[in-house]
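Quick one: structure below, then a few questions.
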């Protein structure tokens, strides 16, 4: 007979619990209007609508808002194993301009997870499923858990 | 006798004129409270105070705001020659956490400028002159001028 | 009735033809002992055995040989559409040391391909299927074809 | 009276001693013909002549040899403080093709050095002083000393 209290939680269910705990006090995401679409172990998909506040002098979305969405998706994915993890370095390639009102979706997926270092690939698409940016993030586990 | 109308403007004076034109309709910088400290040919120094809006669930500044300051400094530096230039890719390394109320300063400096491609290094320091992030941006010249 | 001369070649068959043409005069790959395992449209898998020549003063494989394998896999993948394409920038994250005699395998996979810019992710594994490096390459199409 | 044996060595002299120790068993550098030009605390300048072995199918130097020179310059610079240090991630931007017979020079310079993480910028120039590549390396200190 197994003791239910000692049962390992399902990794994807754990990822959801972590994401809920993170999201509940993630003021930056709330302010930017970032919505969680799906979180699983090593994976997160988030969306954000480009508002007037995010438009630069050229009339297109400032790259740092695409970065913010990518970095946030990465944070939900890399913390999904319930080990405190920070992004140490991010390499982002911008592929297409983003216009006012577009709904961006960022998918972060685990490429590697070894020891305390993990690598995530993040793809950002617009509403027409066109890739507007691709990023590679290098993350580092630090002491502590989220839930 | 030289014809004043054909005189090449001083590169640093041109950089200032470009920066003024860019800044006058740079809504993202205004909203984030980014201030221009110094702009020269191939160089820009900008500052930003970390506000409550920029704080994430861990109680520290969300990395995307350091990125926003770095990317903006790069934009002023890479457009300083009055050729429309966009950042195509950015690699940012985060070195230290940033707290509420800190004044961040980003210095963007030209590392290379050849043909239509340029590379900029951007260093972000806090008020104690500690480096909190270093970035390398790859930029591409596109048709058009700023002023 | 279709005209056979106008038939578009199968993309994966074209990728193989391009790879054969590239490999036949790729002296660097021959000298490093790089072997082609599989090439398809937007994808390449290559392998290389770590030789004594590649060992640094710490007794492990010099990172530039892992880079060489990654960059070569990327070259075969990004040229697979028969458009001359060069890697412009590469971001590589090293995850684990590589020992003498290990057989490394690099898989390059297309993450994005839009206009003249493409992005590839390259994963390098050792013989135990452990990831030793992950890279993101940004490539640019230039005039000309391979076959 | 000071005890000479307890005197802290001059940082630049220490850097030279470390470099000599590293170079004496750096087989990869010897085989590639890499020559040390100058090493100081947080800085290294190395050179390499592009040989026939390094030429790819396009008749130009394979990017991984520019990378090898950059990575090696970084290794001498980041170990110059006599703390074992490894490059964890490198972002390299290629700016110009490199021909057979060219003498490349790589300069690695410390951009940041905080705690166990340091960042180096590496510039590679050809014999005409043209930049052919710029790289940013993120390094991590590990236990142990070189001399």
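Just so it is clear, A, B, C and D label the chains in written order, and each chain counts residues from 1 on its own.
By our rule, a contact is a pair of C-beta atoms (placed from the backbone, for glycine too) under 8 Å apart; a residue touches a chain by one contact, two chains touch by 3 or more.
The structure presented is a predicted model; accordingly, all values stated were derived computationally and were not measured.
S.K.: More contacting C-beta pairs: A-B or A-D?
M.R.: A-B
S.K.: Taking each chain's centre as the mean of its CA atoms, which one is farthest from the centre of chain A?
M.R.: Result for max centroid distance from chain A is chain D.
S.K.: Starting from the mean Cα coordinates of chain A and chain C, work out the distance between those two points in Å.
M.R.: 28
S.K.: Just how far, in Å, is the C-alpha centre of chain D from the one of chain A?
M.R.: 35
S.K.: Take the average of all CA coordinates in chain A, do the same for chain B, and state the distance between these two points in whole angstrom.
M.R.: Chain centroid spacing, chain A to chain B, equals 25 Å.
S.K.: Could you check chain B for residues that touch two or more other chains and list them?
M.R.: In chain B, the residues touching two or more other chains are 88-89, 91, 93, 117, 138.
S.K.: Please output the residues of chain A touching chain C within their complex, sorted ascending.
M.R.: 91, 93, 95-96, 111-112, 114, 117, 119, 121, 123, 130-131, 134, 136, 138
S.K.: Which of the residues in chain A come into contact with chain D in the complex?
M.R.: For chain A paired with chain D, touching residues are 88-89, 91, 117, 138.
S.K.: In their complex, what parts of chain D are in touch with chain C?
M.R.: So the residues of chain D touching chain C come out as 22, 25-28, 31, 52-57, 62-65, 67-68, 71-72, 86-94.
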